[in-house]
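Got some structures for you, see below.
Look for chain A in each of the two complexes below; its partner is chain B in the first and chain C in the second.
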Partner chain A sequence: MESKRELILAFESSCDETSVAVIEDGTKILSNIIATQINSHKRFGGVVPEVASRHHVEYVTRCTEDAMKAANVTYDDLTAVAVTYGPGLVGSLLIGVTAAKTIAYAHHLPLIPVNHMAGHIYAARYVKPLEYPLLALLVSGGHTELVYMKAAGEFEIIGDTRDDAAGEAYDKIGRVLGIPYPAGKEVDRLAHLGHDTFNFPRAMIHEDNDDFSFSGLKSAFINTVHHADQIGEKLSREDLAASFQAAVIDVLVTKTIRVAKRLGIKQLVVAGGVAANQGLRERLAQVVKDEHLDLDVVFPPLRLCGDNGAMVGAAAHIELQKKHFAGLDLNADPSLEFAYAATYQP
Partner chain B sequence: MNILAMDTSNRALSVAVLSDDRILAEKTTDVNKNHSTTLLPAIDQILKDSHLTSDQIDRFVVAQGPGSYTGLRIGVTTAKTFAFTLHKELVGVSSLASLAGNIRHTNALLVPLFDARRDNVFTGVYQRDDHGQLTNVVSDKHVPVAALIAQLKMLNEDIIFIGTDVAHFAERFRAAFGQQAHFADDEANLPHASELGLLGAQKEAVKDIHAFIPHYLRRTQAENDWLKTHSDKGHQPYVEEV
Partner chain C sequence: MGFTKKLTNDQATIAFGKELGPLVQPGDVILLDGDLGAGKTTFTKGLAQGLGIKRHIKSPTFTLIREYQEGRIPLYHMDMYRLEQTGAADLGLEEYFDGDGVSVIEWSQFVKDLLPDDYLMVHLEKDPDDDNRRMLTIEGKGPHYQKLAQEWEEADGK
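Let's look at the complex of A and B:
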């Protein structure tokens, strides 16, 4: 008997992207359809949960059909259905969870629940095999975490943000600069045109823990701009962006490299929406080179840094081997989190 | 024709299996559980009770709204996904029409309603014609209770109010309509997916399953605010595949 291909139909709908992918053996993307709602939420300066949920209903079966067609597979070919069940916006998560459960049930397929953040990390699997113990720097609009993986599918938080996520700080200072949501890409672009002249605070950079904080930086930025406005002074947007980005990157890179050295990590995965940031990519590469570190830094391809079904399929491949399945009563869990490491000290 | 009907538009959950006009199984609960965790297990149970599998269903009927937004999305997403993935028919029926359908053998005005908070209701006006067929007199809408009362006064007929939320407004209805106001009993106040299925059996199947969405009957606050100063004509598509 010829061995059957392992094919996972994977759903992602945790925020403002509806995405469905078909993944072979956790490593090969046969299709990865992404419907983004960015043009809708731009109207409101950020994601409006009720609007996001409504859009997901409009697109979830469309994306499924397109994913199946692009992959050129039938339901009989599938091994399992996977879905992000948290963390995220509950109303958004529910659409993917509901559609995935229904398809699994209708076609008698096992259902694999996937943690969205695990998905972000496993997006790196499409670059090369992951090697453990592994360290992941997860940076997105909702998260800034250092995650330690001693083996496949095992996640422990060893560092976390005490307040704002890095991506959230980008959006907030973007608003002050008059940059439409989402601001990350444009701040990154401006930063490359300016210089770090404002010397914003690098919060907790020298503290003896692995946590982050970005609210002080955000406040310093806003105060600087408001003060200049009051005295009628015009500040360089490029320098402001460069100074902000330098502060964020200094903290992220310093702390991450320090942890990687301490734990003897050989492979560092940078994942989440902010992993698309060019400044962060360049600086990490530079530090590894300058310090001659034996550290393999893996960035997922740009298309896989944002939310997408392919990353869910890659993480589900591991869960399938562990036979971690869910029943028809699977629910969305908006505040799902990895466990903190036993050694974690906030 | 085998029909699977489901209603998750409000607190109650109701699912039913019908074969032509015969009700094979129905399950209705009103325990404020999360429909996300209870809908598919309930469907699985009544299908098993009916000795059917989901691919033997020819038509999926869903209460399309109005109702709780999250509840509607769970029902609509489940029904449209079933119909899409199994290549079967999909029909949406008004959640209010389904409630009105609980009342038979009367020519009084049938007024099902759901509390929409801040003194508003989701409601519509229905009536049985001479053949007993349910007809829609005033289409489903989101209105202030006072406006509903004013409109019903003009119709000047006997009225039966239907739904578990009616209790919140019963005193006002009695004051406004006196002897003309009647109230459905507990059984008729709950949605019954068997009734939904019977109504759905008579309708034409939707042509574009992908485009099928709940009848929320209200735009979101964010969109309303935005539309005060913008127009969505000529706006770039809100959602696009990239």
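Let's look at the complex of A and C:
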């Protein structure tokens, strides 16, 4: 007799994307429907909570139907329902949480709460099995963290940004360059056409800690453009982008590699929206090659770097094995974060 | 009613913010006004230190609101930068204003309709001749915040 498949229906609605996926055994994506609302936010230069909530309400039912249909499964086939319950915008999170709870209740399925950031890390599971202990560099619009994982489903922050997240710095200098939100992809493209001529500061690169800081870089960038404007000088957008990106990548790569060496890490997962950055991918590969490091750098597939339900399903697979279930009183937690390592000094 | 303060660098901005920490009360609302890179989050780091908060104060731009519960009273650090065109009617700001902590709001001009009548305004401006220097203008709106501004000026003078 054929054993029953493990099928998880996973919801993600923490920010821009409404997404629902059906995942088999934590490794196989049967469907991953993503409805993005970046276009509606572009007009506003950022996420708009009310627009976001309304969009999620509009799309969540349709995405669920599409995901079930594309996966060719029925509710009776499902093993569990999973959902991102934080961090994110509260109004947006609540839509996914409510949808997941409703389906769990109606079909008598266990409900698995997932930390959005765990989802980003587990997106790498679709590339290959993860090996512990592993190090994850989480870089996105709201996060820049080094996360140590002793074992599956265990997360400790060992390094963090002290001010702005890397992705946020991209969006803010993008605004100075007149690039619409989200600016990361376009800055990355421009950077490949220019040269690092401005020598922006590499904050904290040599300091004896595992933290990051991008606020000073943002200020240096703004000051440079501002001073040029004052004297009517036109700076090369390509060189500005290249110089900014070089500073960000120098710091991210230098500090991450240093931690990986110190902890004897064999596998590094780079996750979050900024993991899609080509400059970062190229540089990490280069360093590993040049230094002959025994370090396997895993990037999630590009289509899974942004927010999506599949990554939630992969993280939920681990939680299911640990039987970490939530009751129907599950609430959204907009400020949810991993615990800091006991050794971490703020 | 208010006062101005010249600050020579980031550390001075933090030290000045720190002086306000012991003076704020639950329900206080502080608006931070200034351009990108003017030092709003830097100032908030100082205020957080003055409240006894040890965690890093990270930019709330992406999450809109960050809460810190570990100090003398809670700190609610808000950033309305991304709400320029639409406001924030369903963010529940008023619950924070009526709450048990102090609310610090960056880019509050984008949510003007939702602000209380009285508040403390901290305006930060870069010195056009020196990227490190800042000129801060403090203004209390309403009797409670006029008194707070005065107490802060006195604490700073000591």
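Here is the rule we go by: the second predicted complex is superposed on the first by the 345 of 346 C-alpha atoms of A that agree within 3 Å, B and C clash if a C-alpha of one lies under 4 Å from a C-alpha of the other, contacts with A are read in each partner's own complex, and residues count from 1 in each chain.
As a convention for this text, contacts are C-beta pairs under 8 Å (C-beta built on N, C-alpha and C of every residue); 3 or more make two chains touch, one makes a residue touch a chain.
The structure displayed is predicted, hence computed values, not measured ones.
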Once the structures are superposed on A, label A:105 by its partner contacts, choosing first (chain B), second (chain C), both or neither.
first
A:35 contacts which: chain B (first), chain C (second), both, neither?
first
Of the partners chain B and chain C, which touch A:142 in the superposed model: first, second, both, neither?
second
Which partner chains sit in contact with A:91 here, chain B, chain C, both or neither? Use first/second/both/neither.
both
Could you look at A:58 and tell me whether it touches chain B, chain C, both or neither (first, second, both, neither)?
first
In the superposed arrangement, which partner chain does A:75 touch: chain B (first), chain C (second), both, or neither?
first
Identify the residues of chain A that lie in both the chain B contact region and the chain C contact region.
43-44, 48, 50-51, 53, 91
Show which residues of chain A lie in contact with chain B when the two form their complex.
18, 33-37, 39-40, 43-44, 48, 50-51, 53-66, 75, 91, 94-95, 97-99, 101-103, 105-107, 327-332
Contact set on chain B toward chain A in their complex:
34, 36-38, 40-41, 43-44, 54-55, 69-70, 73-74, 76-78, 80-82, 84-86, 209-211, 213-214, 216, 220-223, 226, 230, 235-242
In the complex, chain C touches chain A at residues 36-37, 41-42, 54-59, 61-67, 81-92, 131
Okay, in this complex, where on chain A does chain C touch?
43-51, 53, 87-91, 140-142, 160-165, 167-168, 171-172, 175-176, 211, 215, 218-219, 222-223, 334-335, 346
